[in-house]
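Naming follows writing order (A, B, C, D, E and F), and every chain is counted from residue 1.
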Amino acid sequence: MATLGLIEYADASPEVRAVYDDIMDTRKTDWINNFWKALANDPATLRRTWEDIKQIMAPGALDVLTKELLYLAVSVTNQCGYCIASHTASAKKKGMTDDQFRELMAVVGMANETNRLSAGYQIEIDEQFKV
Amino acid sequence: MATLGLIEYADASPEVRAVYDDIMDTRKTDWINNFWKALANDPATLRRTWEDIKQIMAPGALDVLTKELLYLAVSVTNQCGYCIASHTASAKKKGMTDDQFRELMAVVGMANETNRLSAGYQIEIDEQFKV
Amino acid sequence: MATLGLIEYADASPEVRAVYDDIMDTRKTDWINNFWKALANDPATLRRTWEDIKQIMAPGALDVLTKELLYLAVSVTNQCGYCIASHTASAKKKGMTDDQFRELMAVVGMANETNRLSAGYQIEIDEQFKV
Amino acid sequence: MATLGLIEYADASPEVRAVYDDIMDTRKTDWINNFWKALANDPATLRRTWEDIKQIMAPGALDVLTKELLYLAVSVTNQCGYCIASHTASAKKKGMTDDQFRELMAVVGMANETNRLSAGYQIEIDEQFKV
Amino acid sequence: MATLGLIEYADASPEVRAVYDDIMDTRKTDWINNFWKALANDPATLRRTWEDIKQIMAPGALDVLTKELLYLAVSVTNQCGYCIASHTASAKKKGMTDDQFRELMAVVGMANETNRLSAGYQIEIDEQFKV
Amino acid sequence: MATLGLIEYADASPEVRAVYDDIMDTRKTDWINNFWKALANDPATLRRTWEDIKQIMAPGALDVLTKELLYLAVSVTNQCGYCIASHTASAKKKGMTDDQFRELMAVVGMANETNRLSAGYQIEIDEQFKV
């Protein structure tokens, strides 16, 4: 059940509870998932990670759903089981339809394929692509 | 210059030229990048890969820019130099702004970080996330 | 239960037992974990892997705990579930404190993030860093 | 020369210069490497990344050299060319000897090997390792 | 049980059944594994993936067993649990002996090790290897 | 030119020369590539790595060409530039035809694609595949 255990709200320090409260408030939810309960064993990392995610995943030039889809694409590429499960759920909550999921998966699969074709054929970068 | 060399249009077989023509026609461009010129050494793979990409990257439940951003997110995660260069250029052509690129990079970096935190803390999947 | 099964001490050949004995003797332990029991299906690989690890993980310019932390950092980056579990246990046995584990995880997460920022921004190597 | 170019000190905004100054001050150096010059195109990410790294890489339960070695181990595992070059230089500056580098490389190589043996043999986690 | 559920033959559309029939016919088997039942939620991807695999895995310059071994080597390198299980079974069905499996694993482990030694030592490509 | 430089035969210690001689003798070649020249900075690792490779890559239940193809498949999956270049050359020397290379690349690309489809759809392992 996680290397250092999971810190439940009832057992959390005021510092950890403050982060939990902000997570629930920001996400309009009434529970905390295991990721945060595990990170709570390291309050500095809990706070830093949450502050970073809150800043990065806020709507900006990219909308929140697009950001969540990108998060899922990375998690699938890295074969991270927990991340795939949690970000699939999160993307659905933010409006991802089944059709969007299907297309996301097709793109991620294709990109992983052509990434290897590019490397394996030892293809040099075209002048037109150089920055 | 690529393991089996690059096949220029002038030297291409009719089968390869047909794919090149379709690429240029579909993408409204007048040149072929090194990826396709390298794959042309294997006409079956050239055709299959192009047909797959044409199908997958067409607008659908996800728009073409979102798909291109996902492609770039995967390529960055895999550290594929050629793919990062070509898909950054491609995303810009499809309308990616500098601000969108900046946010994309921040999300991809963050996801790669939390993917490892999840794995390293040996976090179990919450019941709420199970499918 | 592992592709080719697990070879218990009682069922092991003299060649495999010799390696098991050396593992238990070197590590001051009285049991063999599943990794070795699985590799025992290939005695040549069992012996080679054990001899390599014994040589590489011995104290040298880096102490044994530092080496174990590095092993864990790699395993987390690769999302290897078995390896994370076994090397977390091994690092604890060699003296890793909870605080050290927390800091290790933070570094591994951060490195995985900036690895992608470096690749995604297509950053060239500074002259000062070239070997 | 990096996707959005490199921001030199002379051309940087006060916000970016403040981060550059803190980097040079903290690291006792008089120059800024390309990683920060590229991130400066996104001042929010520049600041966030620097603040995170400053916090994470500070001496704590693990000393600064050990943290740098871990950073390098991750970068090598991910095949990140820029990161390997910059963190090898950084580790040397923090005191990594050639012998320590040699042993680091041996451990990283070995861990990447056994990570695949564990996965490929489909080895289950021992009860003793379960958290 | 898979993100969008598993589509059993009895519940499948004629389009999906046609692919299932072709899979069972081509592979001389009377059941469909979970991979295809999950992909069936996206009939276009199901058909495209199956047609691609049928073309790619057919005997050619490489025999079917060699292709299956390569598939397994990639899956082990990527730490893909499902893929390792399914392609180990598939390779056995195509004739992989236990000795071949043992040697495959040894090669995959070794390659993953030297891949990191090459990157970590920042080794430049020999003139003799340049294409 | 490699982190610790490259050790030429003329400058090598007797211990290193003995390994170089065995490499050239075993491989029927009159030169040493940069990989070994870099590893020679760590004679223990040079010897261990060479002995391991000599044992693992020798003909056995799998022939030497198949082993070399597997090595290349792993290197491509890991995006290791040096390894792709050197093992493509090595595979050609051992008899890999252009057609075999083409098919290898197609299989490696496909496997990398379906590895992500399997993970992304969160597919459970079929009972039939369980060991």
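Descriptive notes on the structure:
The definition used in the following text is that a residue touches a chain if its C-beta (ideal position, glycine included) is under 8 Å from a C-beta of that chain, and two chains touch if they have at least 3 such contacts.
As the structure is a computational prediction, the values presented were derived from the model and not from experiment.
Under the contact definition, chain E and chain F share the contacting chains A, B, C, D. Repeating the D-F interface with over half of its contact pairs identical by residue number, the matching pair from E-F, B-F or A-F is B-F.
Ranked by separation of Cα centres from chain D, the top chain is E.
In terms of their C-alpha centroids, the spacing between chain B and chain D amounts to 27 Å.
Annotation: 21 Å between the Cα-based centres of chain C and chain F. Shown for chain E are the residues that touch two or more other chains, namely 1-4, 41, 44-45, 49, 52, 77-81, 85, 88, 102, 104-106, 108-110, 112-115, 117, 119-122, 131.
The touching residues of chain A, when paired with chain F in their complex, are 72, 76-77, 79, 81, 84-85, 88, 104-105, 108-110, 112-117, 119-122.
Looking at the complex, you find that chain B touches chain A at residues 1-4, 31, 33-35, 38-39, 41, 45, 49, 52-53, 56-57, 60-62, 66-67, 69-71, 73-75, 77-78, 80-83, 85-86, 88-89, 97, 99-100, 102-104, 106-108, 110-115, 117-126, 128-131. Contact residues of chain F toward chain C in the complex are 1-3, 5, 44, 48, 52, 55, 131.
The touching residues of chain F, when paired with chain D in their complex, are 3-4, 41-42, 44-45, 49, 78-80, 131. The part of chain B that touches chain D in the complex is made up of residues 79, 88, 98, 101-102, 105-106, 109, 122.
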